[in-house]
Amino acid sequence: MKVIIFYNPLKLFKKQLDEIIALFEKENIRVTGCFPAQSKITEEMASQSDYFVVFGGDGTVLKVAEKAAIFSKPIICLNTGNLGFLSAYSGDEIKELINDIKNGNLHFSKRYLLECSIGNKTYFVLNDVVLIKSQPLGTIDIEIKIDGSMLYSFLADGVIISTSTGSTAYALSAGGPIINPNLNVIEIVPLAAHALNVKPLIIEPTHKIEVFLKTLSHDFAYVTGDGDVLYQIKTNESFVVTGSEKYIKLAQKNNGYFFDALKQKLGFGRRFE
Amino acid sequence: MKVIIFYNPLKLFKKQLDEIIALFEKENIRVTGCFPAQSKITEEMASQSDYFVVFGGDGTVLKVAEKAAIFSKPIICLNTGNLGFLSAYSGDEIKELINDIKNGNLHFSKRYLLECSIGNKTYFVLNDVVLIKSQPLGTIDIEIKIDGSMLYSFLADGVIISTSTGSTAYALSAGGPIINPNLNVIEIVPLAAHALNVKPLIIEPTHKIEVFLKTLSHDFAYVTGDGDVLYQIKTNESFVVTGSEKYIKLAQKNNGYFFDALKQKLGFGRRFE
Amino acid sequence: MKVIIFYNPLKLFKKQLDEIIALFEKENIRVTGCFPAQSKITEEMASQSDYFVVFGGDGTVLKVAEKAAIFSKPIICLNTGNLGFLSAYSGDEIKELINDIKNGNLHFSKRYLLECSIGNKTYFVLNDVVLIKSQPLGTIDIEIKIDGSMLYSFLADGVIISTSTGSTAYALSAGGPIINPNLNVIEIVPLAAHALNVKPLIIEPTHKIEVFLKTLSHDFAYVTGDGDVLYQIKTNESFVVTGSEKYIKLAQKNNGYFFDALKQKLGFGRRFE
Amino acid sequence: MKVIIFYNPLKLFKKQLDEIIALFEKENIRVTGCFPAQSKITEEMASQSDYFVVFGGDGTVLKVAEKAAIFSKPIICLNTGNLGFLSAYSGDEIKELINDIKNGNLHFSKRYLLECSIGNKTYFVLNDVVLIKSQPLGTIDIEIKIDGSMLYSFLADGVIISTSTGSTAYALSAGGPIINPNLNVIEIVPLAAHALNVKPLIIEPTHKIEVFLKTLSHDFAYVTGDGDVLYQIKTNESFVVTGSEKYIKLAQKNNGYFFDALKQKLGFGRRFE
């Protein structure tokens, strides 16, 4: 069995990584690479592994997702802090993780990515693509077309195009519902729209969503993907988001895991009286 | 070509129905039955038709949905009032409807039903199953289990278990998002929950949702399905909702139809300045 | 010092009441009456007291509020269960309550009532007046006029007209904001409106709000006040709600009490990670 | 009668201003000054006027509000575009405006300001004070104290502290209710909080709201007031907002004006079927 380790370089240092690698090797799991999460790796390097093991929080998994999808490697995440929505193991469960790899005791959830085409490039994201104003003042005027037909336009701070996996991240903050991440859907959530009659909208991943920046009061707005800036967008420019055929396989402890994370991380449904 | 007509008996009377039937027959489409929407029909009667043609609003379609699913007959709805979410034709388009049937110029949207098991019976619904208090005062205490595991409990007026088709009906009123009806998902929306940390939740149709009535201050609460009372439920009773393998095929004019209905019927995304 | 005790007859029985009265008398506080909360009392009886002491939850206080306002008697509530929004003392603090009365160590919050005119009667409420459908199915069509001018109309399960005190009760469940109860305002919150473009609205207590029942699909709808049915309203009937000049004085432990109750009872602002 | 004119310099040019001034002078209303809205004027200059007449939209009024409050001059606004929430006259009603001034046919709404103390300075705002992150990524961790006591903390894009006048501006976009601007209240609305259990909160203007920036992932965040940047705030800094004793008097056509603007500008309560 061979793994590549990706880690959050702000949380894990050389000494800890050496100890982690030793634990894997002791159980005859070869660590064929150990990289900061945002590193680029080649197909050849990826082919030397059965799994991508991620040490970090949800943000660290997001930085690994695109390469995991491209190279078809399952992700197993141990959260160095509290449990996250994307991690299967918490900080003190490294031996359990190693045993589960060794014994093939792993369950995977298939998570489809979004594909965002902007400025002659295509990006793949696991959580969301966000258009957001660059300045603290004013709004931007956004038009949304679905499969070439105008759906609606609104003044807002921005708009979030999210997967079900991203529904518990920024889309939730903007008022979106909670969506079981096993569902392959796209959610469009306006961000602080100055309008009463817009709502979160959930559609099929086959739709082509075109986001057009009609007017903005400042120089540019940002398009971000999974927490990275992808592009500085100007008036009269647009980008397209659609469901991708690419997906990742993400290790999960059991089927109820998502609901447990909801309760633990968001206090979902907790009773107070 | 043979059709059975179902109609809203409060909107259409004998004279109008005779005229409608004549229009069909004139184009060599046989009308093998003409019934009020809530009528029960036998399998043999159903087998004498290619389509169920519905004259009425969304509520009329709901009354036809279960039999259309059971007998695998596509539904084509002409709305006698304004366009609805479930009708493809508006009141003045009967000739267009007849021509489209004649020429096979019909597009269908597949809509999965929910299956609700309560009191030793099973019901199939197209929009939603609703648990709602029977009295104007007080709340009911509801527990929701998913696949046998407790998800959450809350005090509320009730809870709505909805398909994507139902997302623009009662679930919307209770704060749910808008969901493209082509998606096969289940939405759980608490109805006026007295809690901050519950939200609409969207899950896969394979989940088994058990709704348990923990306490209520009055005699009973109602369980309704697609606008009919299914059951008077008492404390310590429960019911189960899950996605059905049954579905209907619903005629639609074109792919953008759902978004058009959103704008027309709900003012979705309309600009006012 | 003289008090009248009002209690929740489902929670407190003769033996306990006798013990409570003994505790008061021991400290030379005369108990001039001891009644179930919903009892009617005469002006003369009321005049034999300095305070109305309430044993029960928020619902028990609501049943005492109108008479406390009419007879100008301050309310001091000990919650027999968990702390409520309207109680200053929790179940085990009866000695503290008695001492605070004895030593004049009491702080009062002034809470204005609403005045609801319906069917030739006028009612005074502390929390809210609610129009709500009587049946589990369908909606009612409601028109709201402010000071004689049509404001808006909508299809809904009902509408809540609330004080700031009531903002943490049913109005919260229906999507209203949290309002510090010291503020003398009126909040109008549609209950499960089938519309995107209605929102909670907060206005001055001097406005005259006329609620007109335009259509309903069943026999009647209910108008309730503070958890009691006031009226069975029919199509084409209306009622009027406005801020009252009457108010109650409600004992509170300290100024931050409201925010403490928010956190304790609703988990408001609690962090989970 | 004497007026000072303030205008939006991006909308009105010299030629138009000369024509406007001529219309006033023709009716014996002296124009003692004509300035871009953001201009600073002295007390002496202000004293040479009975009214501040504003030509522009709501944003233009915001730039005049502080000086109108300090120098106690009523504001009369003619909107050069569509009607705004703060304008009494639309673009083609200049003669009506002049006649109303001449004949004293003016009604004023009293609008209290907020006072924001930050970085040794105090600012007065009519709509809102906003804390907002400076970067497209990440959240900021915000603590809110009321009168010295911790109320709550949350991760968010920011927080809006708004007057009732500002309730139809940014606070609405962030999910706040609509508040009649005659009410003297403060509204606290988290901006895209990553939490389920925070809600808009409405409190009295006498409260001292301290907003403390606990952590942020980037260099600084912005504090803005009425659409101007007031301060670049860093970790461990805070600012205080409270209701001011200063107010403006804003011309309104009639008492129902606010509700009309709601319907016209936001489509509030409009029926679509």
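Each chain carries a letter (A, B, C and D) given by its place in the written order, and its residues are counted from 1.
Note that in this section a contact is a pair of C-beta atoms (placed from the backbone, for glycine too) under 8 Å apart; a residue touches a chain by one contact, two chains touch by 3 or more.
Chain identities (UniProt): A, B, C, D = NAD kinase.
Keep in mind that what you see is a predicted model, and the values were worked out from it rather than measured.
Within the contact network of the assembly, the step distance from subunit B to subunit D comes to 1. Interface note: subunit C and subunit D, two copies of one sequence, contact each other through mostly matching residue numbers (shared numbers exceed half of all numbers used). Each chain gets a centre from the mean of its Cα atoms; the one farthest from the centre of subunit D is B.
In this assembly, the C-alpha centroid of subunit A lies 46 Å from the C-alpha centroid of subunit C. Here the spacing of subunit A and subunit B, counted between their Cα centres, is 34 Å.
Inter-chain spacing, taken between the CA centroids of subunit A and subunit D, is 38 Å.
In subunit C, 172, 195-199, 266-268, 270 are the positions where the chain touches two or more neighbouring chains simultaneously. Here subunit D touches subunit A in the complex through residues 130, 132, 134, 136-139, 156-157, 169-170, 172-175, 191-197, 222, 224, 227-229, 266-268, going by the rule given at the top. Within the complex formed with subunit A, the residues of subunit B that make contact are 146-147, 149, 151-154, 164, 167, 172, 176-180, 182-183, 185, 187, 195, 197-204, 207, 255-256, 259, 263, 266-271.
On subunit C, the positions that touch subunit A within their shared complex are 82, 196-199, 264-267, 270, 272-273.
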